[in-house]
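Sharing a structure below in structure tokens format, with a few things to ask.
Order as written gives the chain letters A, B, C and D; numbering starts at 1 within each chain.
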Amino acid sequence: MSQPDFSMEIQISFGHCDPAGIVFYPNYFRWFDRCFHTYLLKTAGGHRRLCRVLEAQGIGLMDARANFISPALDGDLMTLEMTIRDWGHKTLTLGYLGRIGERAVVEGTELRGMFVRRDGRLRAGEMAPLRALLDAGLPDAGQA
Amino acid sequence: MSQPDFSMEIQISFGHCDPAGIVFYPNYFRWFDRCFHTYLLKTAGGHRRLCRVLEAQGIGLMDARANFISPALDGDLMTLEMTIRDWGHKTLTLGYLGRIGERAVVEGTELRGMFVRRDGRLRAGEMAPLRALLDAGLPDAGQA
Amino acid sequence: MSQPDFSMEIQISFGHCDPAGIVFYPNYFRWFDRCFHTYLLKTAGGHRRLCRVLEAQGIGLMDARANFISPALDGDLMTLEMTIRDWGHKTLTLGYLGRIGERAVVEGTELRGMFVRRDGRLRAGEMAPLRALLDAGLPDAGQA
Amino acid sequence: MSQPDFSMEIQISFGHCDPAGIVFYPNYFRWFDRCFHTYLLKTAGGHRRLCRVLEAQGIGLMDARANFISPALDGDLMTLEMTIRDWGHKTLTLGYLGRIGERAVVEGTELRGMFVRRDGRLRAGEMAPLRALLDAGLPDAGQA
């Protein structure tokens, strides 16, 4: 498998889990979103800076899905890897893989757009300027 | 479109929304899950009772996805409709549609299994007994 | 006890509960906040309208506390009552009581301020204009 | 100030923040809880192990409060420190301090009990056995 573009560790805690004792599934999507935003922070100064520079409202979701491969429990340490799968004209596709050691826990994708306000409505803008900023990084990289 | 099997209203609140002022997307999955569990409660006495009767650990997720059609804001009242799409041998497919008035906001699906403990591992059990209990309902329906 | 200023029902669901099978406690604070915001919506058109009229950034928290009296479980229907306890010069004190039938579950308070941006910093503004708007209500009350 | 008993870092993310652009306050309580559970994990193998050894249902909340001193934003890195304030006969008082650099953001306390099932009801058990396990730590410390 190819090298992920970003990865982080999630320490699974009691409060992430449901009465069945396993992670309550919407939390995986919270972690996908957190992983993407942490990537933006470390790579290009964060979502707020990027939106200011690009005059965008947000880099938000069009579609998300996840496949829950095996359960994760309180005390597990999950490694969450993010891969940039595809830059479309007005879309960005991100792939995620969460694993505990070698065991795959969750696999998912997010389809994101960059929303700009035009004529009083939110519309999907072109992704090229965002891609350029992410590729360029920051001179003093990493702080918002 | 066919009649939903269950529907509920979600009053979108400040705390559901992110700095872009729209619903933070993992909340939609929390509401899908809540809608399904409320359906179980109203139809057959709830998840805990069903698991006790069926000797199951939980009726959990194998896969989930959502398509975010238009944004929802603090103050919006969303109607969330759930439709039983398909009973498989060991799966249940649920469809969701969230709308504010006539405007579609989110459309999604959950693929669920019924997990039973066998030989010390969680495995997907057969769905027929769950389906029978949901079809039968409760004599004095609706309370856990 | 005096009549509450607002009340709402919270249907406790599976996803609100932790591996001990009871409500994960931060959810009570989410419900306190939701109760206050729903009160603003029903009484005066909601937080966003009030902030626009009052040129405020938000009606946010200075302090919050809760006492967890008895556990609540998946399937329980909790009635959450909110009482305006005190209007200070720059503060608003709200009291909450959550109960399932006659059984008290949680009791808490929020101390809120109205934050305005002045000289580039968030500061607590005077509460009198907010109080006046809440007392006046809306001509066609209830919609944001 | 005295040395904290445990501390961890919280990377504040977009999804933790509300339409005012600052952390939605119930998240601070989620982080208090997560800090305590991570402390249990690192010190004594985690909440699940402790409950098994002590025949307890959970080490849960009786009371919680927080004072919100200054706002935290997307991109901020918060250091959260936990201090064991007091061991009572049937209670444990924990103090928390969250800060971004030298700036205090939140200060709070949790009052916890250890709940045991006796005569079919949840009751507060004695804390001495829990304290002894935390003081002893694990021979091969740190893994659940």
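Please note the rule applied: a residue touches a chain if its C-beta (ideal position, glycine included) is under 8 Å from a C-beta of that chain, and two chains touch if they have at least 3 such contacts.
Nothing here was measured: the structure is a model prediction, and the numbers come from that model.
Following the contact convention of this document, A, C is the list of chains adjacent to both chain B and chain D.
In this assembly, D is the chain whose CA centroid lies farthest from the centroid of chain B.
Annotation: 27 Å between the Cα-based centres of chain B and chain C. With centres set at the average Cα position, the gap from chain C to chain D is 24 Å. Of all residues in chain C, those that touch two or more other chains are 14-15, 18-19, 24, 26, 30, 33, 48, 74.
If touching chains are joined by edges, the resulting network of the protein chains shown connects every chain directly with every other.
Considering their complex, residues 18-20, 22, 24-27, 29-30, 33, 48, 57-58, 60-68, 71, 115, 122 of chain B touch chain A.
The part of chain C that touches chain B in the complex is made up of residues 11, 13-15, 30, 33-34, 37-38, 41, 46-48, 73-76, 144. The touching residues of chain B, counted against chain D in their complex, run 14-15, 17-19, 21, 24, 26, 74.
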